[in-house]
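A single structure is presented below for examination.
Labels run A, B, C and D following the written order; every chain starts at residue 1.
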Amino acid sequence: MQKLLETFLIGLSTGSIYALMSIALVLVWRSTRVVNFAQAGQAMLSTYIGFEIATRTEIFWLGLLCAIAAGALLGAGVDYFFMRVLFKHAVSGPAAVVAPVIATLGLLGLVRSIVGLIWGGEFKSIKAPASTDGFTIGETTIPFSPLNLLIIVTVFIILIALAIIFQRTNLGLSLRASAYAPEIAQLAGIRTARTRTIGWAIAGGVGGVAGMLNTASNFLSPYSLDLLLVFGFIAAVIGGLESMVGSVVGALILGIALTFILNYVGTSLVFIGGFVVLIVVLLVKPDGIMAKGRARRA
Amino acid sequence: MRKKLALFILLGWILLLIGDRVDELRVYQGAQIAMYAIALSSIVLLTGYSGQVSLGNGAMMAVGGYAAALTLNNLGSPVWFAFVMAVFVSALFGAFLGAAAARLSGPYLAGTTLALAVGLPEIANQFDFLGGVPGLLFDVGFPPERLGEEFTQYKWFFWIATFLALLSLFITSNILQSRYGRTWRAIRSNSLAAELSGVHAGRMKILAFTISSAIAGLAGAVLAMTISLVAPGAYTLALSFALVTGAVLAGVSSLPGVVFGALILVAIPEVADVLATRWGGDENLNNYLPGLIVSVLLILSVIFTPNGPGEKLKSRHHKKA
Amino acid sequence: MIRKTRVKGTWLAATVLAVGSLFATALPAHAETGVSSSEIKLGITLPLTGAASPGYNKVGNAMNAYFKYVNDNGGVYGRKITLIQKNDEYSPQLSIAKTNELILKDKVFALVGPLGTANYTSVHKSVGIAKRGVPSLFLNTGFSGFGNKKTYPTSFMILPSYAMEAKIIAQFLKENHAGKKLGIVYQNDEFGIDGMGAFKAAGTKFDVSVAYTSGSQSAATAQTWVSQLAAGGAQVVVFFGVTSATAPLLAVAAAAKYAPQWILGSVGADPLTLRALGVPLAVLNGAQTAAGNPSPNDTSDEYIKQFQEINTKYNTGTAFDDYVLQGMNIGLMTVQALRAAGSNPTRKKLISVMEDKGSTFASVAYSPLGYSKTSNVGHTGYYMAVMDANGDRKPFGGKVTLYTTNSGTGPVVVSTFKRPAMPAKGLPSNS
Amino acid sequence: MHLMSTNNAALRVEGVNVSFGGLRALNDVYLEIGKNEVVGLIGPNGAGKTTLFNAFCGLVKPDSGKLFLDGKEQDFPRTSNLVDLGISRTLQGVGLFGDLTVLENVMVGAHHLASSGLLSAALGRSGKDEKEMRTKSFSALERVYAGGLANRRADTLSYPDTKRVAIARALVSEPKILMLDEPAGGLGLQDIEWMNLLIRNLSASMSVLLIEHHMDVVMSVCSKLYVLNFGEVIASGNAETVRRDPAVMAAYLGTGAK
């Protein structure tokens, strides 16, 4: 029973980090119709910047703020200087389908190399902002720690903030409108290109948080966020790729499922576990758990 | 067709001559180029022709590699049969995968295959008969003695890899130039119109996946041969990414381009090495310069010649015409 | 149609040209590979980055520092030693590729200190180390399989094997932790399995055993190890894995307030590296470990003192820890072997002097070396040590009790072996 | 007011109902095409003409309805089986394969004629087959007077030319029934004249069903018309009958008109 509970709680904490990455992916997908594989790279670079600040000032939260800012700037920059150019050039021919995917892969590689050149490949670790000592319930101490709790709370706050932005502000309205009907949004006077860049910026900032939180309980290296990207993507697909709420639910499901696999089945099945969850969802509910009968043909 | 066959035989002969005249490192790299050429042609067929994006060809290669190693080690079969099994098993795997993939498009397919590329090689860690992290040996044996004392192991690899590459490129190019290739291009271009023309788009897509996977499986077995083992570490996400990169640099829909793409994949680390040494030989530079060069090339080519340098040439010709 | 053919032709021509130019740079071979009038080239593959890199990434630089020291003092018969380090990220496939580069492209004279069990197994087979007659000295791995002189005629171990270590720890468990519930965490490849086999042979029964996959170690996976250990009530836990796995294991266990008696294998127990990975040193307090070398802080040891001086001068900014010590020591032994091979060294000569004189080489480790015409086994024993609150290693029971054994069924015996003195100033003269 | 049905009509449907999420798109639609007959399907925008085509072609699944080919009852076909049943269809938006040559475009239409399999293709033994397909495709192009375009890339063609090629692609499978979706849409006067001629010629060897807005075309080539409005057949018969039908007048001029 206790193992069940701790697995669930840790899964929740893991899943909430996936949720951030998957939201970032969904935001970009909705605005640009691109699955941004470079999101892992952007998050990584932001996290390295946050890491530098957090290590030098010894204030984790300052590092987190800087990572958010860096992530947002980076996201906006990628859209403004990269995606716009890309869409101007790569529009037709056999590669048109693959061009955006491959471009973001290239960008991921580029950021990774740059980070590697600057910081090297060594594992870095950030001093966690909360104790990693597990909570004690009665006699026993469980691996679920204040840090895990803090991660869940932080993600929760960010999700609420995003919900407010999207539901209650003009910016949110523009973002939603541009995502669902760009032409109409344009006619309504929304500057869709700018709105899109803002969407990228928000995604970048959220990715930065994901990177920092992931690093607080783990190591940081030029490759350390790759899995986060893969799991974030799977979570987004579980949620239907369009829905932010769906992607959060998908991420939590995935996080808990994978932690159960980890605790009850075996460590090496975690990776393939993600794939299996993805395939099962695609077969059973091909449009994601939040689908309302839309066909999944691009 | 005869002409093409003659061309391939001539090419093989030239490569053999080259193999006799260069040192062992180049011979070894030659084998790698051949391996990449096979692997890239699987992407050209799948992505360039049938329009299905796969980031998981590394996983298909792993299936082929493991199938070959298991066949050779457990059945004690001749080497050629191990390669045949690599093709066969990975084709089967591709058919299953393709059946699922035919229902997906664009980003879903890319992401699903990405998850596969990450997950599949890890299965080896779960089951003992797959050898875990150290992997399984895949030993094609020493070259026949009558080839002489001077005939090294790597030259033997080079011969086998080159032969398999030429064979598979010959077959692939035939398929792509036949009605199958044409039909795939039609589906990629407009799948509804293709269906109305009597094409079973779903079935053809699965067929593309099957053939592509078979080719990738062969490449996986050749890779296993050149390093004498199959291990999860040989079929990483990085390999899948490198293949996509090579395919884009080759021009995703150009089969002759794959040789060029393969050459680049092998040459980039060399070039990076030279540059890194010249710029001071810093450790980080050594480690990350190849990645930097590849990424920059990839980005530039996606932006400026998304359909490969060949396509640019072609369209220029067309404009003149 | 014609147009298409022309484009194809261009492609073909470009490709042939490019292939040609790549191949044209091939170099002619010379007399003895890797040895010129002024230089001896050596190579090593090791993880400079990646999951397994912490700690190990210092070995190459430490060797290099020692070589620079020797070079500044006249080199080996006037030749400077150049060490080429290649990063294999602990992946067997990369090890193969990089070793190929070392042998075929950089044309090194010998490999020294290649790292990783799975890596070297694959490399040896794939690159054909033995068939090519490439000397491969002082493997940085304790896999007992490498002690097979028939399969590995040109390779020489340096570390006592994992099997020896496991047998010695098994003996120690019997003597000091009898009746307690035992647990073990091991790396699920040749490394851990080698040890497990020896434990089994020695009759040690573990109540909980946790296998982890190399590369999978992280805080998340460590949580599962700890839950299994704690659930099984293990009071003494043996750890047979790499440092990057020790770190999360100890950290997570401490966080969960699970505090068994830790017995850390020699591979994953370096306190400085653990601290760099975020493990509070206090956690290490009282942990027991098998060790072959003196503590790197023990400046009363002549080797340590000399190596520390070299480290300060030639490896500036790097803390002197077990890995640096190991690297320096390999350097020292390499230079002895090179000197012994004479002023016109060949690969054959190098191998034969290793067999003839290797067992007399000076080395920092306490135990005897086992090199001979029929054996390529290096050091053959360990002593048990305890960590203090500063992460410093103190011999268990106050003084070094050296156990020696072999990788097979031989008994574990207390040895009175006295190691050779260090050459003056750490510079081997003619031997 | 069903017409007398002849048992050997090339194609006949009865009682076709299609609805999209509760919205009825086709209601009890019937239609019949005789051999070598040219039948027009007209009606205001949104009347359900293309939906009916789609129902024939397996792109839309009818809730109910019967389909007869040559008097034999059939299930509504799957899209990719149409050609095997002797039905060819062009798309409103033409739908050529842009980066294939014109000849290749047509050859895709001849796909199902090939007899050689993958193995012979792989070994380069399908040459004979290819040659046959090429010849057939070329003559299909000639039939629409587009032989000279054979080696052009499809995305370099002018709009009227794409229409010809699309028809050639539909012809190459030698259909018994040809379904044309707005063949004259977007064409100039001269091209329309030419299209009329072509359709008349084609009807010598097959039945033609066409959706068309150009009344000139409809009146000059169709021997029978069906008028759809709000998903129902409101009139059918020869051009004169339909033209005088008050319901049709109302549909076009009254509330149904756009």
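Simple rule for what comes next: a contact is a pair of C-beta atoms (placed from the backbone, for glycine too) under 8 Å apart; a residue touches a chain by one contact, two chains touch by 3 or more.
Everything quoted here is computed from the prediction, not taken from an experiment.
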Intersection of contact partners for subunit A and subunit D: B
Farthest chain (mean CA position) relative to subunit B: D
Geometric centre distance via CA averages, subunit C-subunit B, whole Å: 35
Geometric centre distance via CA averages, subunit D-subunit B, whole Å: 43
Centre distance in Å when subunit A and subunit C are each reduced to the mean of their C-alpha atoms: 38
Rounded Å distance between subunit C and subunit D, as computed from the means of their C-alpha atoms: 75
Subunit B, residues touching no fewer than two other chains: 122, 125, 185, 283, 287, 318
Per-residue overlap in subunit A, given as positions that touch at least 2 other chains: 93-94, 116, 120-121, 222, 267-268, 270
Junction residues of subunit C, two or more chains touched: 48-49, 87, 213, 216
Interfacial residue positions of subunit A with respect to subunit B in the complex: 29, 34-35, 37, 85-86, 89-90, 93-99, 101-103, 105-110, 112-114, 116-118, 120-121, 222, 226-227, 230, 233-234, 237, 241, 266-276, 278-279, 282-283, 286, 296-298
Residues of subunit C touching subunit A in the complex: 48-51, 53-54, 57, 87, 212-213, 216, 218-221, 223-224, 226-227, 231, 244, 251-252, 254-258, 277-278
Contact footprint of subunit A on subunit B as seen in their complex: 47-49, 51, 53, 55, 100, 103-108, 110-112, 114-116, 118-120, 122-123, 125-126, 185, 188, 237, 241, 244-245, 248, 252-253, 283-285, 287-289, 291-292, 294-296, 298-299, 302-304, 306-308, 311
Contact footprint of subunit B on subunit C as seen in their complex: 3-4, 6-8, 10-12, 14-16, 18-20, 22-23, 26-27, 29, 48-49, 85, 87, 91-94, 96-97, 100-101, 104-105, 117-118, 121-122, 125-126, 128, 131, 188-190, 213-216
Contact footprint of subunit B on subunit D as seen in their complex: 57, 59, 79-84, 88-89, 91, 95-100, 104-105, 107-109, 111-112, 114, 118, 121-127, 129-130, 133, 153, 156, 169-170, 173
